[in-house]
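Each of the next two complexes has chain A plus one other chain: chain B in the first, chain C in the second.
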Partner chain A sequence: MPLKTGERDRCATGLEGLDTILYGGIPRSNTVLLTGSCGTGKTSLALEFLIHGAQKGENSLFVSVTENSEKLLANIIPYKFFDKSLIKSGRLVFVDLPIMYERLGMTKAELSMEEIDLLVAAISDLVTELGTKRLVIDSITSVCYKLKTSEKIRDFILKLGKSLSDLNCTTILVGEVSAESTSYSSFGVEEAIADGIVLMANMERRGDLLRTLQVIKMRGTMHSRAKYVLDLTPMGVLLVPLLKGGSTA
Partner chain B sequence: MTLDQMGPQKIAAELSEMPPASAISLQMSVDNYLDVIRGVLDLFANKKGMDTIYVTATISSEAIKRVLQALDIDTSRIYFVDCISHIMMGASAAQQDDHTTLVESPTMLENLMLKVEYLIRRSQSKDKLVVIDSINSLAIHNNNWILSEFLHILVSGLRSREAFTIILSVEEHSTPEINNMVNLVCDHGIRAGKEG
Partner chain C sequence: MNFTSIGIPALDEQLGGGIQKGSTVLVMGTPGSGTEFFAKQFASAGQEAVTYFTSTERDEDVLGVMREYGWRTDLKIVNVGTKYYESVLAKKLEVSRFRQEGITLGDIRRFRNEDSAKEENFLTFLSYEISKLAPPFRVVINSLDFFLENYESPEVLMAMRTIKAHTQHSESVTLMTMLKGVHDSRIQSSIEDLADVILELEHDKQGSEFKKFIIVQKVRNRPVMVGIIPTTFDKTGIKLG
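Coming up: the complex of A and B.
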C-alpha cells in the first residue's frame, strides 16, 4: 500500500497484535527500548521480530550480551514458523558481544569514551557488512553496566542510535528493570533517548499473574496506549486486550 | 425457539440452518446435557468436518472425554481449553497434550481467549466451532461486568475469523443478567431445555 504524504515507512514486526497496536509496525530505522522485568517474554518477542524479518528477506542480527547464543537457541520456543535454514543462509545471524569485547581488547570492567566509540563503530560495521535491517541487542542494560556513568550511557546510545538509523536499521534494545521499578530503564537514560518504549510486565489481578504489554511511546506513528495481555506460543506472541473490568489500576 | 427436551437431531438441524460465523446462544436443561453434546459435537461439528475448540468451565476435559467415549463420539477434531482442572483438581502441565490446553483458573479470561486464539491459528480446518461450556460456570468466578466484556471481545474476534460460536447456558442456573449478556453478543438463540 502506498504511504500517505509524511507517513514513515514501517518495519512490520510480523507480530499481528503488535503491528495493530503500532498502526502497521515500527517506523523504519527507529531504536526501540523493549523493557520489563525478568520472565515477561522480552527475548522471545525480540527474537520473533527478527525471525519474521528474516523470513521476509530482511537480514536480521541478534547481539547476545548475557546469554551465549547456543544456549539461547537451545531454549527457544519451538516456533512452528521458525526455519533453521534462515541461520544457515545468513539471513538470521547471532553474535555474542563478549566475544566482540575480547576481539576489540575491551577487557576492563569499565569502558572508556574511546572504547565506546570503538564499540559503536564495531556494531555499525557489522550491520553494514551483513546488510542488517533488523537488530536486537539483548540486553542493553548489560552493556550499560560496563559504561557506569549516565554520560557514557547517553553518549553510547545516542551514537549507536544515530549510526543505526543512518544505516536504515530498525533496532530493538532489550532493557531489564526490576519488578518494583517505576522507571522504564535501569539507568534512567535509555528511555529518554530511545525513539520508542514497549513495556512488558507481570500484572497481578486477584492472585492471577498476567503477562502484559503496553506501548508507552513510539516516535513517527500513532499507537494504542492500552495494556494487552500476551501469551508466548509456538505460533508466536499472541495478544488480547486487558479486560478493564478486572483492572487493578 | 422453545422446544420441549429438544433431541440431538433437532439441535444439529437447528444449528445447520445458521449462517457461517454465527454466534448462537444454546440454553439447555441440566437433564438435556448429553443430547446437547451429541447434537453439537457429533451430529453438527463432526458431520460438517469442523475443528471444535471446546472451552470447559463446568466439568473437567477428562470427564467430558469419558462422556464422549461413552457416547461413541469421535474426538479427533475436538480440542479442549480446560479452565478448571488445574485450579480445582491440581492438574499439571504434564497433563496437557495436543488436544488439551489448561488455563490456570476460570478467572484468567484473557488467557482463555489467548488459548482459543492459539488453537484457531493452529487449526488447518476451514470451518471452526468454538463451544463455551458454560457461561453460568464462568459467572461463578467472574463478575458480570468483566464477563460481558470478555464475551464481547471473544465473540467479535471469532466472528472476524469466521468461526462459529456456541455459548451454552443452563436454564436452571441462569439469571436475567446472564441471559441479557449472552443475548447481546449472539445472533440467534436456541432453547433446548424444558418447556417454560
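Coming up: the complex of A and C.
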C-alpha cells in the first residue's frame, strides 16, 4: 500500500511501481519533466498516465508536438486496458501543437515574448475548456527549439507551469536528451524550473538493453531515488528495483 | 523588322515602328504621372492575347477604363491584389482573432492544411502564370512595387530576369510599371538594366498648368531614339505633342 504523506492531494499515475516510488503519486498540479534519450519509453509512460486518468474520470489531454497524433494513435502500444471509447467520450483528447501554431500565426522559426504569452494562454484556455486534469506535452524540447534562448524557455515553462497549476492540472513535459548528456534537459533550463524530474534511460547489462527509470526530484513529496528497471508490456509499464549486486554493470 | 505597337501610334512612329517583339518595357513615374493609365493603353494594342496582372486595382476598375476609352476588354486580368488579400491579409485577420479570442478544440479540429498561415509566394505565382502563356503574349505587370515591397530584391530581380528571358524567347512583349525614386537605387538600376525599353512619365508645373512628357530613356541598341516628347491626354488616351 502506498504511504500517504497527507499534506498534498496526489494524482496517482496508475503506474503501480511509480506510485509506490512517489508514495502515492505526483503531487497534484505539479509540472514534471519526464526526460530521457530516444527509445526509453517516455511517450508510452506518459500515455499510460493519461489513459489511467481518463479511466478514473479525469479529463486528459495529449499535446503532440513532433508527431502527428493520428499516427501516434495508430502506433500506440496495444494496451489491454486501452479503450477507444475514452477518445470518443472526450475523456482523452489528442491535439497537435503545430495546428495551434498555425492558428496563432506562429510560423516563424522563433517565437517572440508576446507569442510565448499567447501560446501559454492558448494551452491554458484549452485546458479550461476541456476541464483537463492531466496534461502531457510531447515533447517540450521541440517547443524549446522554437524559443531558442534560455530566457525565453525559462519564461515559457514558468508561465505555463504557473498557469496549469492554477487550473489544478497535473502536467508531464516530455524532454529529449541525447544518451551521452549529463544534463536532464537539452537546454539545461527546463530541469531547473520543473517541480519534478523523472529520468528514463537505457542501460546495457550482460548484453541486454534495459530500460531504467529514476525519480530525481519531486517537490511536495518524499520519494525513492533508486533506479528501477522498466518493462513495457501490454499490461502497462512494470517497474522492478534494479538489483545492484552480482552483475558486471 | 519585327515590331509590335506600344499602344500610342505616334510613339510607335517615334520609335521607328513600335517596339521589337521580344521586348520588356519598363514604365516609370512618380505617383499620379499616369503609369497605370499607360499600362492600360499598352494593353489595348497589338494582336497578342493580353494578360494583365494587377496588384492595386479591382478588375472592374481596369475594365471600366478600357471601356471608357473604347479599348479592347477581352484581356485576362490576374488580380494579385485580391489574391494577396484572400490568402495573406484575410489569414492575418483570422490569426488576430485567434490571438485575441483564443482557440477552442473545435478550431483545432476544423483545421485543414489549406488553412496554413504560410504565405503563398506571389513572385513564384507571377513567373509561373507567365510561363504558362501561349506565345505571342502581351503581358502587363502593374506594378513591380508590390513585389519589391513584399520580397527581397534579389528574388524580384531573378523573377524579372526569368520573365524577360521568356518574353524574349517567345517573341512576345511585357510591360512593367514601377514607381520612380522609392526603391533603393541598386535594385532600380538592375531593373532598368534588364529592360529593353524604358519610358519615364513626367509632369512639370509650368505657370498654372502641368506640362507632361514621355522621356524615352532607353531603347536597346537604338540610342538614337532616346529623347523627350511632350504629351497630352484626351478622350482617346495619351497623345504626342
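The rule we apply is simple: the second predicted complex is superposed on the first by the 238 of 249 C-alpha atoms of A that agree within 3 Å, B and C clash if a C-alpha of one lies under 4 Å from a C-alpha of the other, contacts with A are read in each partner's own complex, and residues count from 1 in each chain.
The working rule: a contact is a pair of C-beta atoms (placed from the backbone, for glycine too) under 8 Å apart; a residue touches a chain by one contact, two chains touch by 3 or more.
Bear in mind that the values here come from a model prediction, so they are computed numbers and not experimental data.
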{"item": "Room on chain A for both chain B and chain C (clash or fit)", "value": "fit"}
{"item": "Touching partner for A:Glu70 - first (chain B), second (chain C), both, neither", "value": "neither"}
{"item": "First (chain B), second (chain C), both or neither touched by A:Val95", "value": "second"}
{"item": "Which of chain B and chain C A:Glu151 touches, first, second, both or neither", "value": "neither"}
{"item": "Which superposed partner A:Leu210 touches (first chain B, second chain C, both, neither)", "value": "first"}
{"item": "Which superposed partner A:Asp231 touches (first chain B, second chain C, both, neither)", "value": "first"}
{"item": "Contacts of A:Asp125 with chain B and chain C, given as first, second, both or neither", "value": "second"}
{"item": "Partner chain(s) touched by A:Gly105 [first = chain B, second = chain C, both, neither]", "value": "second"}
{"item": "Touched partner set for A:Val240, first chain B, second chain C, both or neither", "value": "first"}
{"item": "Overlay on chain A, chain C to chain B nearest C-alpha distance, Å", "value": "37"}
{"item": "Chain A-facing residues of chain C, complex", "value": "91-92, 95-96, 98-99, 102-105, 107-108, 111, 115-118"}
{"item": "Interfacial residue positions of chain A with respect to chain B in the complex", "value": "80, 205-206, 208, 210, 229-231, 233-235, 238, 240-246"}
{"item": "Of all residues in chain A, those that touch chain C in their complex", "value": "93, 95-96, 99-100, 102-105, 107, 118, 121-122, 125-126, 129-130"}
{"item": "Chain B residues touching chain A - in the complex, by the definition given at the top", "value": "104-105, 107-111, 113-115, 117-118, 121-122, 143, 145-150, 153, 157"}
